[in-house]
Amino acid sequence: MLVVRAINERDLNGLFELASQVGTGMTTLKPDMKMLGDRLATACASFAETIPPEERDYMFVMEDTATGRLAGVCAIKGAVGLTEPFYNYRIGTLVHSSRELSVFTKMETLYLSNDLTGSSELCSLFLHPDYRTGHNGKLLSKSRFLFIAQFPHLFTEKIIAEMRGYQAEDGSSPFYEGLGRHFFKMDFHHVDDLTALGKKSFIAELMPRQPLYIAYLPQAAQDVVGQVHKSTAPARRLLEQEGMHYEGYVDIFDAGPVLQARVSELRAIRQSELAVIAPDEDIVHACAPATTEPTLVSNTTLKDFRMIVSEAVNVNGSIDLSSAEQQLLRCRTGDTVRTLPLNVRKNNA
Amino acid sequence: MYVVRPVETADIPALESLAAVTMPGVHTLPRSRDKIELAVERSLASFAAQVDIPSEESYLFVLESLTERHPAERRICGTAAIFASAGSNGTYFSFRNDVIQQVSRDLNICHSVHALTLCSELTAYSQLSSFYADPAVQDGPEAALLSRSRLLYALQQPQRFGDRFFVPLAGVTDEAGESPFWNALGRKFFKMDFLDAERVIGGARNRTLIVELMPHYPVYVPLLPGDAQAVMGQIHPSGELAFNLLTAEGFEADEYIDIFDGGPILQAHKHALRTFNSSQTLRVRTGASTSREGQRLNYAISNNGSAGFRAITLACPDLDGVEAVALTPELQDLLRVAEGDSVTCVRI
Amino acid sequence: MLVVRAINERDLNGLFELASQVGTGMTTLKPDMKMLGDRLATACASFAETIPPEERDYMFVMEDTATGRLAGVCAIKGAVGLTEPFYNYRIGTLVHSSRELSVFTKMETLYLSNDLTGSSELCSLFLHPDYRTGHNGKLLSKSRFLFIAQFPHLFTEKIIAEMRGYQAEDGSSPFYEGLGRHFFKMDFHHVDDLTALGKKSFIAELMPRQPLYIAYLPQAAQDVVGQVHKSTAPARRLLEQEGMHYEGYVDIFDAGPVLQARVSELRAIRQSELAVIAPDEDIVHACAPATTEPTLVSNTTLKDFRMIVSEAVNVNGSIDLSSAEQQLLRCRTGDTVRTLPLNVRKNNA
Amino acid sequence: MYVVRPVETADIPALESLAAVTMPGVHTLPRSRDKIELAVERSLASFAAQVDIPSEESYLFVLESLTERHPAERRICGTAAIFASAGSNGTYFSFRNDVIQQVSRDLNICHSVHALTLCSELTAYSQLSSFYADPAVQDGPEAALLSRSRLLYALQQPQRFGDRFFVPLAGVTDEAGESPFWNALGRKFFKMDFLDAERVIGGARNRTLIVELMPHYPVYVPLLPGDAQAVMGQIHPSGELAFNLLTAEGFEADEYIDIFDGGPILQAHKHALRTFNSSQTLRVRTGASTSREGQRLNYAISNNGSAGFRAITLACPDLDGVEAVALTPELQDLLRVAEGDSVTCVRI
């Protein structure tokens, strides 16, 4: 069975094995023992609350309890951009209008910004290919929202996620070719590697500072602004279902979109509910819906936060979890858990 | 023999025939009779005006060819104008060619990027314009005289002009009148063809609609298409003579370009211009300077008087260090000076 | 009894009387017969759908049915900024950081923008002082959200509302004194009057085009960025309860905040429900909550849209409206209405 | 008698005592023995270098007073330096003083707003600096000679310098070393005092941290507090002499100011400088030019040779139109020239 849980000191080797599977395109999860060790230490300190909230980096792993193998990883950073500048392009609108000539031109404009400084960030999501079935992807991605819903005070008002931008078949980025290359005079992948080394802010020294009309860019670059990499489309959809939106911020290199949300408007905040673990008595059973939806269930402990997908349902504040499930969550009857339907309810409007 | 003088009403028919031969698409001379008349009237009024502060005056000069044997046979073979204060009634807009240094210490990268910034810095400069010289005189010193006479006049009448001068030269367009620079930039905001835009704006660079429509933020040159970059600061072939004369005078290109066609705008402080920093004031003595032996140099000579500006060319020995210049009675007549009067001389 | 309804041709005199009560500070509702007549004509054409959605201006009046007197007015514009530029300042963040000096400076920056071009706008809310009691203010303000919930296809993705900015006791605007005055060289109230004449965009020609650090402004100006006028605070709260947020856009003159929302995230969209008018049978009554909350109820007709506040409750898709209420809504038993609890439900998290 | 010459190693102690008397807070001379030695070494290497493209060279000149009766009694009473290329190894940052025209047709409003834009335009200009003249010579032609000798050298060695020159002059600070301009601007980004900032940056204007910390968007001047606006482009009292000499030379203020203290940066194209556009090359003849009667004018005279740059002042009749300048054997010795050699002369 699979459980998503707070990472702990014993996970370093498993994390390294996982990182070795990641390949290119994910700058925050490289198979580098030193980097991973540092990050793990920060994550453990985060769950132990021994460092300030804005420095925290909550990492979660998905464990296959049958084998003890780590099947996936994901993380939430307490705040970005507080030690080195966090850059994005923000897309704005400028209108050029002359009544005399009856010309009205609405232009989209790129502003180099640090607007997202201080936001909490969802990042480092990776699911091992062997486990890409069933609800696993959803469990892993959405587990973070349940954590946020349980501990909203740990996060800033705004939560973001950077999505990998569009790339052509040959791995090149049309946006980079149309813009960044003129200022960096090096390959996209070289830039990407530098980013991986944490040098993103220094590269940004070379970016043009003044607002840019998107119309100046080649059509191929214009077309991919805010477009995700083909392989990232499912991840984007999952986040959008949870209430995150593309609000016009994109990556300065590949123009991949940043999804963002107010924490208070996340589906998990609005729809998750607490429940007490209780045996399945008749009355509860009777009131339960006929067809059940899979439910995300977590315990409510920061230090050893754990989540599963269950077929059990929260009925009027009670939930009947099997003893195996209780064990996965390190809970027992009478404990309080948090529940959230795994899938989005359709609005009745 | 040639003389440069202020335009007169009688020149209007001649100007009209000149306008008919100038190239299409290049804004040098007004075309229609009405506009020519307006320009001549404005010039007459400007020369006649008492000026304390340069404003909307516009001075138009003509180059006249005179046949020594038949003094009545006169022909206008060139024009040149100067506006006292560019963008009067508003702002003269141009693109300033900025250089931005891009430095990254970590990556050990340092290079420069050009950017075009809409600016109004040329406002209130004096603006040279409408230069046209007949093909017959384009290779001779007369073309240089014509171009420079405006500055000789400005040298004598500093209160009528600014301390700085500029000259916009027509940029590159193709046979169809398309401008690669316009297509990359102005078209995106104006949503119309280059010639249409020039028509609606009347060739002006001081209209509110420029503020309304043109980009307010610098345009990074590397983002422009290659053909637009290639014509930035490049002159239309028809402007080559003017360009050469002006750079020889001390004007500098590169700093500003036109907001529509990307043509060069040459500019200079008057101190940097040869007419201002290398001219001499000499006394006139009667003599045939052309009869002497030895190397002869070409000079532009103008009167200094208020009896009507006149300027001629003179080939004579080096005037460096001399106190007087020898002029034949005919040339003295042309310049409206007499022995003992002072004239301004500058090498062409 | 009070009903909020789509304005119609016969309301011009009543509208004029109402506008005469408005006083200064509301630029879109002046007692000018010509202006009001033009606006009324546009509003009627909007409800009749004879002009394109982006040109529409849906005006609603609150009528006291006992007297026929108009007690209030409010409106929704289909789209702003499509005939003349719609300017705001957007507040962004720039980080200036030097590792060498260990300096990390986060600065707020004002960008002159037309970003909100094309948004739908809530505007022209005015309730006659005689009627400022009970639920009237809520009914009038919130009626627009119910209209949007019923006809979301008529609106753009983004809905905004401009709030009047902070003014000192003497009516001066500290923000204007610190910024605009340097560029306009005229009084705030003169600027305000010009705005009323629809000259806002031309005044904006004089605004500085380049981004401005807020730190350059005097402290008194910095302090009021995004602050509403004292008298506007209750209106702001109402809108915020409905899901609108201040997202960093402010007025270019007085720095009053713009509230905005995605239409899909408005409370009215998420929580309003349809119901069929049905007599109060025992079964319905039995399932109704013991204590009732006031409910906004509207009909579902664009051309003669009408809303009331009722004590009746939507129980499993049925609602028992009195015949007086049905008459106010021009409905009868069996018709479908839309309901929304007047007050915000607290989240159970 | 006074002569301007390149600094020599033997001058180090004299420079040290000069440094001790210059005003605190004003960056003219290096202070410490170490830094003085470094500056002298760099100057010696620069004068000795073969230069094709101006780079990191820095030339330091001294004004030496000579007692005619006791030639051994020499005293250094001034310094002046010139850097070949400002911001070498990076970018020289300054604020450009832009004027933005604000026009509203509807409201019939048209006024201009000043804005300061961080720019790198002065990069690769040649930079004059380190001007200091002993109070004893401040009112005489020697101070002018000292300032100008750098340009005389540049006139002779154009390959060592740019076509444009600038001079930053210290801005206004109060007794406590506070700069109103810094307090309004730099402090908001650097979060430290003016003197601390100058200390950490070592007086430089070419450091990456300037890009990192200073504002990237224009600063609208009307938004600055009154005291900051009041000192923009104003000189520290200690810079008055230098300012007067430089503006007389043809340098222009107003276009650029210092990014830290708002002090003026004077700049000019060499063509606009009197040393370049009004100097004469004359032959030396032996004579006592000072013995003649009549009006005498002050000239700066420098040798043209490679035998070590020397420049002196000379009071003599107008040299306009003459072919030779009369110099006593003593002066010829000072200049290291002989009869028949050419020297460069320019009026002070």
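Letters A, B, C and D mark the chains in the order given here, with residues in each chain numbered from 1 onward.
The rule is simple: contacts are C-beta pairs under 8 Å (C-beta built on N, C-alpha and C of every residue); 3 or more make two chains touch, one makes a residue touch a chain.
Keep in mind the model is a prediction, meaning the values are calculated, not measured.
Q: Tell me which chain's centre, taken as the mean of its C-alpha atoms, is farthest from chain B.
A: Farthest chain from chain B, going by C-alpha centroids: A.
Q: Between B-C and A-B, which chain pair is linked by the larger number of C-beta contacts?
A: Comparing B-C with A-B, the pair joined by more C-beta contacts is A-B.
Q: Please tell me the distance, in whole Å, between the geometric centres of chain A and chain C computed from their C-alpha atoms.
A: Here the centre of chain C sits 34 Å away from the centre of chain A.
Q: Can you compute the centre-to-centre distance for chain B and chain C, using the mean CA position of each chain? Integer Å is fine.
A: Computed from C-alpha means, the inter-chain centre distance equals 58 Å.
Q: As a quick test, compute the distance in whole Å between the mean CA positions of chain A and chain B.
A: One centre to the other, that is 63 Å.
Q: Express in whole angstrom the distance between the two chain centres, defined as the mean CA positions of chain B and chain D.
A: That pair's centroid distance is 34 Å.
Q: At least two partner chains per residue is the criterion; list those residues in chain C.
A: 94, 97, 205, 210-211
Q: Which positions in chain B are in touch with at least two other chains?
A: Counting only residues that touch two or more other chains, chain B contributes 100, 103-105, 208, 211-212, 216-217.
Q: Using the touch definition up top, name the residues of chain C that touch chain D in the complex.
A: Residues 94, 96-98, 100-101, 103, 105, 107, 109, 178-179, 182-185, 194, 199, 202-203, 205-206, 208, 210-213, 215-217.
Q: Applying the document's contact rule, which stretches of chain B touch chain A when the two form their complex?
A: Chain B residues touching chain A: 100, 102-107, 109, 111, 113, 115, 188-192, 200, 208-209, 212-220, 222-224.
Q: Once bound in the complex, which stretches of chain D touch chain B?
A: 90-91, 98-101, 103-105, 110, 112, 119-121, 123, 208, 211, 250, 252, 269, 271-272, 277-278, 321-323
Q: For the complex, give me every residue of chain C touching chain B.
A: 205, 209-210
Q: Which bits of chain C are touching chain A when the two form their complex?
A: Chain C residues touching chain A: 81-86, 90, 92-95, 97, 99, 104, 106, 111, 113-117, 149, 152, 201, 211, 243, 245, 262, 265, 269-270, 272-274, 347-349.
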